[in-house]
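What follows is a pair of complexes built around subunit A, which joins subunit B in one and subunit C in the other.
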Partner chain A sequence: MKSVPTLSSAFLHPAGQSLPEPLLALRKQRASALVDMPLPTRKTENWKYSSKYLKLADDMAISLPAEGKGGNSLAVPGYKVVFNNGVMIPEASEYPDLNGIIIQSFSDLDEDDAKAVSLQLGSTLDHDQAQFARVNGARFEDGLFIRLAPGAVLDQPLFVIHETTADASGSAYPRIYVEAGANSQMTLVEEYISSGDASALVNTVTEFNLADGANITSIRLNMEGENVQHIGATGVLQQRSSRFESHCVGFGGPLRRHDLQVRLEGEGAETKLNGVVVTQGKQHYDNHTSIDHVAAHCNSEETYRNIAADQSHAIFNGRIHIHQDAQKSNADMNNKNLLLSNGAEIDTKPELEIYADDVKCAHGATIGQLDETSVFYLVSRGIGRRQANVLLTMAFINELVQQIPVEAVRETAQARLNDFFEQTFQEA
Partner chain B sequence: MLSIKNLHASVEGKEILKGINLEIKAGEVHAIMGPNGSGKSTLSQVLAGNDAFEVTSGEVTLNGDNLLDLETEERAREGIFLAFQYPVEIPGVSNLQFLRTAVNAMRKHRGEEEMNAAEFMKLAKEVSKQVDLDPAFLKRGVNEGFSGGEKKRNEIMQALLLQPKLAILDETDSGLDIDALKVVSDGVNALRSEDRAILMVTHYQRLLNHIVPDYVHVLAGGKIIKSGGRELALELEEKGYGWLGIKDEDTSN
Partner chain C sequence: MATTDNEVKELIKREYEHGFVTEIESDTFEPGLNEDVIRRLSEIKQEPEFMLEWRLKAYRRWLEMDEPEWAHVDFPKVDYNAISYYSAPKKKEDMPQSLDDVDPELLRTYEKLGIPLHERAKLAGVAVDAVFDSVSVATTFKEPLEKAGVIFCPISEAVQKYPELVKKYLGSVVPAGDNYFAALNSAVFSDGSFVYIPKGVRCPMELSTYFRINAANTGQFERTLIIAEEGSYVSYLEGCTAPMRDENQLHAAVVELVALDDAQIKYSTVQNWYPGDENGKGGIYNFVTKRGACIGKNSKISWTQVETGSAITWKYPSCVLRGENSVGEFYSVALTHNYQQADTGTKMIHLGKNTKSTIISKGISAGRSSNAYRGLVKFGPGAEGARNFTQCDSLLIGDRCGAHTFPYIESKNKSAIVEHEATTSKVSDEQMFLCRQRGIDPEQAVSMIVNGFCKEVFKELPMEFAVEAGKLLEVSLEGSVG
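The block that comes next holds the complex of A and B.
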């Protein structure tokens, strides 16, 4: 029998030791649990379409050194925290000291807070479904801790810029933990970008713990380069009447994986998950989402769109689990896919498990190409074929782009989309 | 302006047009009438350049230039406009964005400056009034959720904005109530001019009460079997297509 490949032990050794003691201890403990961690193969159900894109060489196990300067001088309309290779760069970060709001790097946490965080890290995630979140738990060098006191409102979006600088091979393990007190509010924008061209792994975990009535908007922009394999997980726990809204916009790469897990644990919680993925060339992108309706009277609404050009490959797997006591659940999941070439591939899989009897649950998935009749209608008005293709492709995702509540993010996304159109649709 | 000589066209290997000959001069309004399946819509689609239809022989020239060599968008820029029998719904593209993109594509082709959003909005509002469409329609997706009549008025609005040399109206009267028919006809009549030609394709002659043609042609079995003045349409109305020896389910009873 062929043996199952396991994660190389090279990946079990974190470099940085600047974390407070409780977090160092946690990391060590998690690393010891990872010995012989099986790597996903095509027989691993939740990685079956993606395992072939995963290429972890031993030289990528090395922690990428954090560049002391903020390589990124990006102006943002809001507050800004810059991480380089998973380590916060305070000189490049700009955010105020606000009453009731703690924004702090893991390294700066005092012993008590570090201990409290160490008890919570990972609690929002099902690690059997997000295996690589375990690796992050064994490797994170730093992280961002955000605590919103009850009723605290962050008045502007907080941009967390995660830049990976890969001048030599290596990996980075960004981590964010958000503890949102009752009725608190914030918008968090995660931007993943990269520089350098050596092969790199970015393995992220972001967690949101929402107390009663908390209202969190999460925006995630994935725009790393062709040298970066990205495996990220986001975990969300929602208590009574809390509201979580997520907008994920992702551009493909050699490997792109995002697991988004939401647990609705308190009655009346609401979650809205929007996602747009665009792939081209030989790129890959895999979104796995999971919504657990644990409590009754919760609403979830999920809309994901994939566009795949050339020989690229996009995957959507959407799971909705309605637990036995989750009566009066309302769940709506919709995934539409657009193939722009015969060589592109999209796999979509809705998974519904419903154990309560009084629920409304709808799902729909389609895969199609640009409609020739629509193209003909547009060109018959003098619009060039290329522009007609752009208009119709944009129309496919426009609704989701317009819903992103931060204009600067919409503009960034649109600029990247324009590049994509430029490369994908040639003038006849 | 438009010259069609011995035009043959087929779809999926089946010949639909079997030798059409037609000359249309600037300033003229022609009506092509015929029963279902006679090839009326095929002719419209072939002229507009729908490549689902294959031209197997014959020639079509617009002001002396070979039309069949041109891509659909090039034909549009040279002045061909087809008002669709079934206008397409395109959610996600606003009507305003669509119309402005089209108008600017034409302007660019003519070497004119493109219109900015504010200038175009002003123009679009005026023209939407002309076809009795609420300017709120400009913000909706192209034809999205429009009624049949609203779609047809949107087609005429496009013609008014694009100012074509040859406007082809494919069953523009179908699905219209009498008020909408009046609005659409007024729009088409506003298009009539010395340097523009109009080709109406219609099953019934009622549209011709509102837009009076200079010439009427009867299309049957992929050929024009009879041509005449406007009185031909009235004769058809009175006697039905059977009078010309044509079978037609819609008019025989």
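The block that comes next holds the complex of A and C.
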């Protein structure tokens, strides 16, 4: 056996001791399991296409210091929680004190809640598939805990702004845990942004635990800078008749990885996953999703679109697993890709693993370029070639962008996409 | 002993007719694998020096490799030192003396498949007498082939008679170190077929291993090499629909196809090795590496397979589309029942301009079996205007089986277009109702529906084969409903 690279021991030492005791204990226990954690290589199936982008230097193991700046006073149409380098900044956050809804940083949890949370953290994730969630489990310095009492409804979207300030090399480990009681509802918007230009690692974990009839919408916008490697994982556990909807919009970077794992554990649960990824330059983006139909009568619908320009590399890996007793499952997965340049690469792997017979499952995947005849059609009607390209490329993903239920996010995404088109279709 | 001597003499005589003399030193090697075993094997086969070197090199590579574990199959580890790597053709005394000695279950299956009486004996491994001697069959076929200039012989014969061809092409498509089982095969391959179609020749008949003289006992490490020169065409059939009697558990074959400019190779397989009993005991492990290289312009390689046998099938017939405008095709029906496991699919590697490929895969799982499609479609940067269409459908019969799809799609060329579709469904109650209502019994109804499901693939098979394949599915599905 050739030796496999392992995670540098520099990564084993968490900073920030302000967490409640049960969480510190949990962190310590998880850290001991990290010793000699093998790093993914080309031979690691779920990192096959991405391992070459992973560049972890020892100086990146240092926790980035949280700066109480709370500076970027982004106006958001809703409630707001600001995290800097993985630590919550209460001064910059504005959220209500509503009946039946707890929104709290991990550091502020009382002993009992902390204990309850420590038992739950990580329970929604398959850590063998999302290896780096383990690192987060050993390193998180703070986090956001949200508890919706049965029937509680958050009237406006909650924006969680994760800002990474990388003035020197280092890493941040943001973490969110949402416990949604029966029939509760909320919309959570996660925005990942960064400042500074030292090389940094952002390693996130977001978890949703949905009780019967809960209805959660999750929106995730990844807009970090070219110096930030991002490895994130989202875990979702759904009970009877719950509904989960996810919208991910990702802009490429030196390394971007998101694992989204959904387990449908109660009958009649429904999930819908949408994703848009655009990459340019030498950027990279890797989306890994998995949907486990454990219970019968569940529905899942998944649509991902990737656009890769220049010498960039976009990857999609979707897995649908229908367990033995999950009869009457409906699962539909669709992945379309647009390759805009010959230097770019797109890899996709839509997997089905089915152990029940009375199911309807389908997946489709395509890779192609802009349709020449469509471009011609537009050009023949007096639209410039560049504009025609932009229009058609936009049309390719617009269907998904328009489905984002929060207008402000839609606009942010749209503006960033316009920049992308601007840069991608320069001349011609 | 007198009879034994006669047998041996006959054996030697038979081989002599085709220019192949062997001094059989021992009947069977002691189990185990090392360099000496390979040397002895090579010596018995009277191979030239370069072959021995090639085998040894492959063996050394194999030693350094790890057994792959990525496939979606589950089986106890194979002990490679418990296998004997050479055994001489069987003596007649060891075989069943007549059809009466053969398992009646097997005979019933033959009957259902409609296999002619004299062939049944041969298939069951009964010592057949000269009336149906494969030699005579072979000679009638040999004449027109020779006239056309086609070389069709055991690969061990080709190594001696056409060393320059073998040297040039053996391992050119599947290098010795390609994968674990290919390396093992390269080191110890027992025998197999060699086909060479000269420039511009259209092979006058379907080449089939079924009627070939060396069909019996090619052993567990079969090696096939087919070379189609410029503008030639050949259709090659492998295997047969009848269940074959075989004692070897592990089969690691390698098939290499080479198509030069404008050449066309059509390779059809029907595989029905012993799948184990209904409790999943026994059965053959079928770990095969099949690959074709479309080296020349406008060349075409087409794989068609019907896989119903083996406890474990692990097989990915692939095409490397190097030449401009070359075409790769893959049509597959894989049926698993009881505890069978199949992980099969294809690889289409598009390297040249305007290369095209089509993949149609139909998986049927019944009982407690597991059936996976695993495929790779890859477009290199030079695959300008390349095109792929993939469709894999799975049909589930029963609620304890599994059907999986693992397609890998990689594209590095913007003008390349790939489409992939997969669906999973079961035999619907409506379809069953329609058939039942018209007086068709459930078993027949399922077989009709399954046959319809597989039609796209069956129509690619040579006609007689297609008919047999349909019947084969019927037999294999027995007991899966009701």
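We adopt the following convention: the second predicted complex is superposed on the first by the 426 of 428 C-alpha atoms of A that agree within 3 Å, B and C clash if a C-alpha of one lies under 4 Å from a C-alpha of the other, contacts with A are read in each partner's own complex, and residues count from 1 in each chain.
By definition in this document, a contact is a pair of C-beta atoms (placed from the backbone, for glycine too) under 8 Å apart; a residue touches a chain by one contact, two chains touch by 3 or more.
For clarity, every value in this text was computed on a predicted model and none was experimentally measured.
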item: When subunit B and subunit C are modelled together on subunit A, clash or fit; value: fit
item: Which superposed partner A:Arg381 touches (first subunit B, second subunit C, both, neither); value: first
item: Touched partner set for A:Asp357, first subunit B, second subunit C, both or neither; value: second
item: Which of subunit B and subunit C A:Val189 touches, first, second, both or neither; value: neither
item: Touching partner for A:Ala233 - first (subunit B), second (subunit C), both, neither; value: neither
item: Partner chain in contact with A:Ile89 - subunit B first, subunit C second, else both or neither; value: neither
item: First, second, both or neither for A:Thr373, with subunit B first and subunit C second; value: first
item: Which partner reaches more residues of subunit A (counting touched residues only), subunit B or subunit C; value: C
item: Least Cα gap, in Å, left between subunit B and subunit C after the two complexes are fitted on chain A; value: 14
item: Residues of subunit A touching subunit B in the complex; value: 371-374, 376-385, 387-388, 391-392, 394-399, 428
item: Subunit A partner contacts - residues on subunit B that touch it in the complex; value: 48-50, 52, 71-73, 75-77, 81-82, 84, 87-88, 90-93, 97-98, 101-102, 105-106, 109, 141-142, 158, 162
item: Touch list for subunit C against partner subunit A, complex; value: 66, 70, 379, 381, 394, 396-426
item: List of subunit A residues in touch with subunit C within their complex; value: 1, 45, 324, 327, 337, 339-369
